[in-house]
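This is the structure, below, for whatever I ask next.
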Amino acid sequence: MKKLINSPEHVVRDALEGMAAAHPDLIKVYYDPDYIVRADAPIHGKVGIVSGGGSGHEPMHGGFVGKGMLDAACPGAVFTSPVPDQMLAATKAVDGGKGVLHIVKNYTGDIMNFEMAAELAQSEGIEVASVVTNDDVAVQDSLYTAGRRGVGVTVLLEKIVGAAADGGANLQECVRIAEKVNGQGRSMGMALTSCTVPHVGKPTFDLGEDEMEIGIGIHGEPGRRRMKVQSAAEITELLATPILQDLPFKSGDNVLAFVNGMGGTPLIELYIVYNELAKLLKDQGITISRNLVGSYITSLEMAGCSITLLRMDDELTTLWDAPVRTPGMRWGM
Amino acid sequence: MKKLINSPEHVVRDALEGMAAAHPDLIKVYYDPDYIVRADAPIHGKVGIVSGGGSGHEPMHGGFVGKGMLDAACPGAVFTSPVPDQMLAATKAVDGGKGVLHIVKNYTGDIMNFEMAAELAQSEGIEVASVVTNDDVAVQDSLYTAGRRGVGVTVLLEKIVGAAADGGANLQECVRIAEKVNGQGRSMGMALTSCTVPHVGKPTFDLGEDEMEIGIGIHGEPGRRRMKVQSAAEITELLATPILQDLPFKSGDNVLAFVNGMGGTPLIELYIVYNELAKLLKDQGITISRNLVGSYITSLEMAGCSITLLRMDDELTTLWDAPVRTPGMRWGM
Amino acid sequence: MEITARQVIRFLEIVAARVKEHRDELTQLDAAIGDADHGANLDRGFTAVLAKLPTIADKDIGTILKTAGMTLVSTVGGASGPLYGTAFMRAGMALADRQELSEGDVVAALEAALEGIMARGKAQRGEKTMIDAIAPGIDVLKAAQANGEDFAEALRRALDAVKEGMESTIPMQATKGRASYLGERSIGHQDPGATSSYYMAQALLEAIESGVTSQ
Amino acid sequence: MEITARQVIRFLEIVAARVKEHRDELTQLDAAIGDADHGANLDRGFTAVLAKLPTIADKDIGTILKTAGMTLVSTVGGASGPLYGTAFMRAGMALADRQELSEGDVVAALEAALEGIMARGKAQRGEKTMIDAIAPGIDVLKAAQANGEDFAEALRRALDAVKEGMESTIPMQATKGRASYLGERSIGHQDPGATSSYYMAQALLEAIESGVTSQ
């Protein structure tokens, strides 16, 4: 294992200290329990937006704390959901009297830990609502299973709901908008290489020099299918087709197209994938009205990418365009 | 070789088309010869800022074309300087009547090609000045050699001089500021893995599972020293010490600290390095007044990082803080 | 047979030791169908429980187990944190204020723990989780109790049932937890949580059999 | 011995073929002390030159070489683009309007080419570049000319000198070009540009010896 770290035990703490040192104007970091809040929290009269999850997905979530996005984020150990103590402390820290929204990715651990935190916060008199993202079409859904993973849509949802809360939306409004985003967004990812969890020290799965894994999550979970590496055009089609069919997206739709890097893939490759995606959507009569290209929800140093499509309307477009200022996403201010 | 590409021959073209598709509001892309100009070029009465170099360093340079930074960028083949035809066309496209500044990284090929382009542009009546960046302390300098490589400082210089030109500085002023930035900035980089040039198909150099290369450039050139991988703290010291001694930076200095990823290194590791750098500088009585953490000048999918320190003063700080809006760097608008 | 608070402490110590010992094995099992952190998660949690023991050693058994459960919830994270945490907390609630446990108490506490896991995780038997290891063991103890069989003897058979339950997860397709994302690819791997549950059952038997010798 | 425009075209064709043939070798040499693109750079450039040939085949030798040089400048990039481009352009300028070349013309053109390289790149002999291969060959031709020795014979000896010059770069420490960044680590590797220059010299000899047979 080769990483720029001091030791597997200190990865999360050292990175948090680095973020605190780099962005004192935007965020405050607390430890034991670990959580990150925007420097000016709590904002009175504003719904507090809290997310969190295992570390190793940077800039998500901590990098999205700031003006116009998250009020707080709770980083767990690498690939491990944080614990209720963190969410409870973060929820109290950002409660501005209008209630707090928990944005939870659909993983059993995240669901249960946030659930326990919400119960505790409510018992302390804070109004808490939760939305769960589950946009990964690589996972077959069913009433009887844990359901789909929350992946790329989470990034878009945090930006859009963050803007809504900043704009004065109440808790119910924030829930409505969040559920709309999750309902209208779908994602799928692939890997060219595995990632290595620091405390494990070797790749989570092995891929041959000519193999790729389709339908991976963001935790080095093996995907649904292993196949020979193909061209960027073919890979883009392998990811986009199930996404388009699932919602389904239709000719005439306006979408936000998000091409995401998994952590070890350089920008030049992401633009090549974006180019293929733009051509593919054009052929289907789908208009890309907004886009995002970069590594925003990663899986340590995994090489690969994911594609997320979100059907847009005027409300979502206005909220997406609203100014945001966080370490990981910034425009308009 | 595993990459998200269609074929080695099409990497640069496909990525350029992807950028054009993703950022029509900011840039226009021309082909044969290839160059990228800001959508609203030429800006009359403004000095035109042009840079360029081999591809494989994204977002540099094309990702820095836009408001408040570069007016044009010329992407060469991967790791190969562009040709005079590109710089000439770009120079003409952004000439606003106040002259054009060429920002050139100190590589024999870049120097000679920009030189030929400048000669041609001048023969067509365009006033052209050139500044050369050579901030890499890993290279021993001497009057009789090709001198030091231009690396991380180039990113900071393009932002700062871009702001100056936007603010109405004339060509001489732009040259003065550019030379000041290059004079006050130093960098050094390291690699955990090699990168693979697409048309070569295998890693440029081989590193053992426990080895790292110190003093690498941004083209997969082997570095000055190979050694066993060490902790983030030790690596940070190996990079920072020669930088600090070279200028030299002194107790009481204000600096912009730039921790850059080489393309295959995730953000979480860069923040760990930034944390070590912040501690190290604090111990030396040096104040970090501004910082930049991310992958801005890369070497394809190479894993590793570089550190750049730039001594700041009020003039540079004001120009750094000025609004910028490009695909790769954005704040204030 | 009476079980003392001292033996309950011993049980927690043995679990912590077993988890550390099998940390890499548990992580490897999780790497195959999960995200390679189960061993690290539990090791982090039970190391924290060990650190807490001195402060609760003199407390009643209910408090000891509740504290252990809360500590797991606060330190493990992931799916296993809330699940094992809830299990220990529920067992503790079922044994409030006890200084000693009867055989019946042990079975009641184990039942409360399993109910807690199923309530928190909303899973049933056969979904390739820790439940498939724990539940069969409790079945054996309850049957033995109903038929008035020897408890020490029943405990050993219960452990065998837990082992079979753990192994029975291998051919299962996961429908809960991270492994469910793999669909059919989850078949053929032993569930990490079922495996850690087996080591806890081993620890329980050992602590009970150790009797007063552990003092 | 008279050299025709047809032979000059043939020379360019052979260079293009040699470069393609040795593309990977040149790139590997560049990988060791540079950035692994020399083979690809020259292949891209001479493929473009080949494509231009039909449009200039009927032109004078000066125009043919100038056009080749400009094409290299416009397509190769890197260090070798301006250097070889300038070399061919200068040779072309030295041979303006010629339909045939004398032996003296060839030597004069080669000298002009070398001067162009040295002016553009500001390097001298001994800095581990293409100059170390080219210059010794020109020395041999000039000496032979001065002593009135047989040209065909001298050309063969010149090629040997180029080969020795190319090999002489192995023990050198680079002080120009990308290899200079390696400092002492550049020692022990053959310079890629010196190697491509050797293949061009081979091509020149072959084209001249081919005489009219190439028609």
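Read from first to last, the chains carry the letters A, B, C and D; within each, the first residue is number 1.
Keep in mind that, in the parts below, contacts are C-beta pairs under 8 Å (C-beta built on N, C-alpha and C of every residue); 3 or more make two chains touch, one makes a residue touch a chain.
Since the model is a prediction, treat every value here as computed from it, not as a measurement.
The minimal number of chain-to-chain contact steps leading from chain C to chain D is 3.
Per-chain CA centroids place chain B at a distance of 56 Å from chain C.
Centres computed as Cα averages put chain A at a distance of 33 Å from chain C.
Contact with two or more other chains is made by no residue of chain D. In chain A, no residue touches two or more other chains.
Interchain contacts link the chains end to end along an open line, per the touch definition above.
Chain pairs that touch one another are A-B, A-C, B-D.
Those residues of chain B whose C-beta lies close enough to touch chain A in the complex are 2-7, 11, 14-19, 21-22, 55-56, 58-59, 63, 192-193, 209-210, 212, 229, 231-233, 235, 263-276, 278, 288, 291, 293, 295, 298, 300-301, 303-305, 325, 328, 330-333. Chain C contributes residues 27, 31-37, 40-41, 44, 73-83, 120-121, 175-178, 180-183, 185 to its touches with chain A in the complex.
By the touch criterion stated above, chain A contacts chain C in their complex at residues 33, 54, 76-85, 107-109, 112-113, 115-116, 138-140, 142, 144-146, 149, 197, 199-200, 204-205, 217, 219-222, 224.
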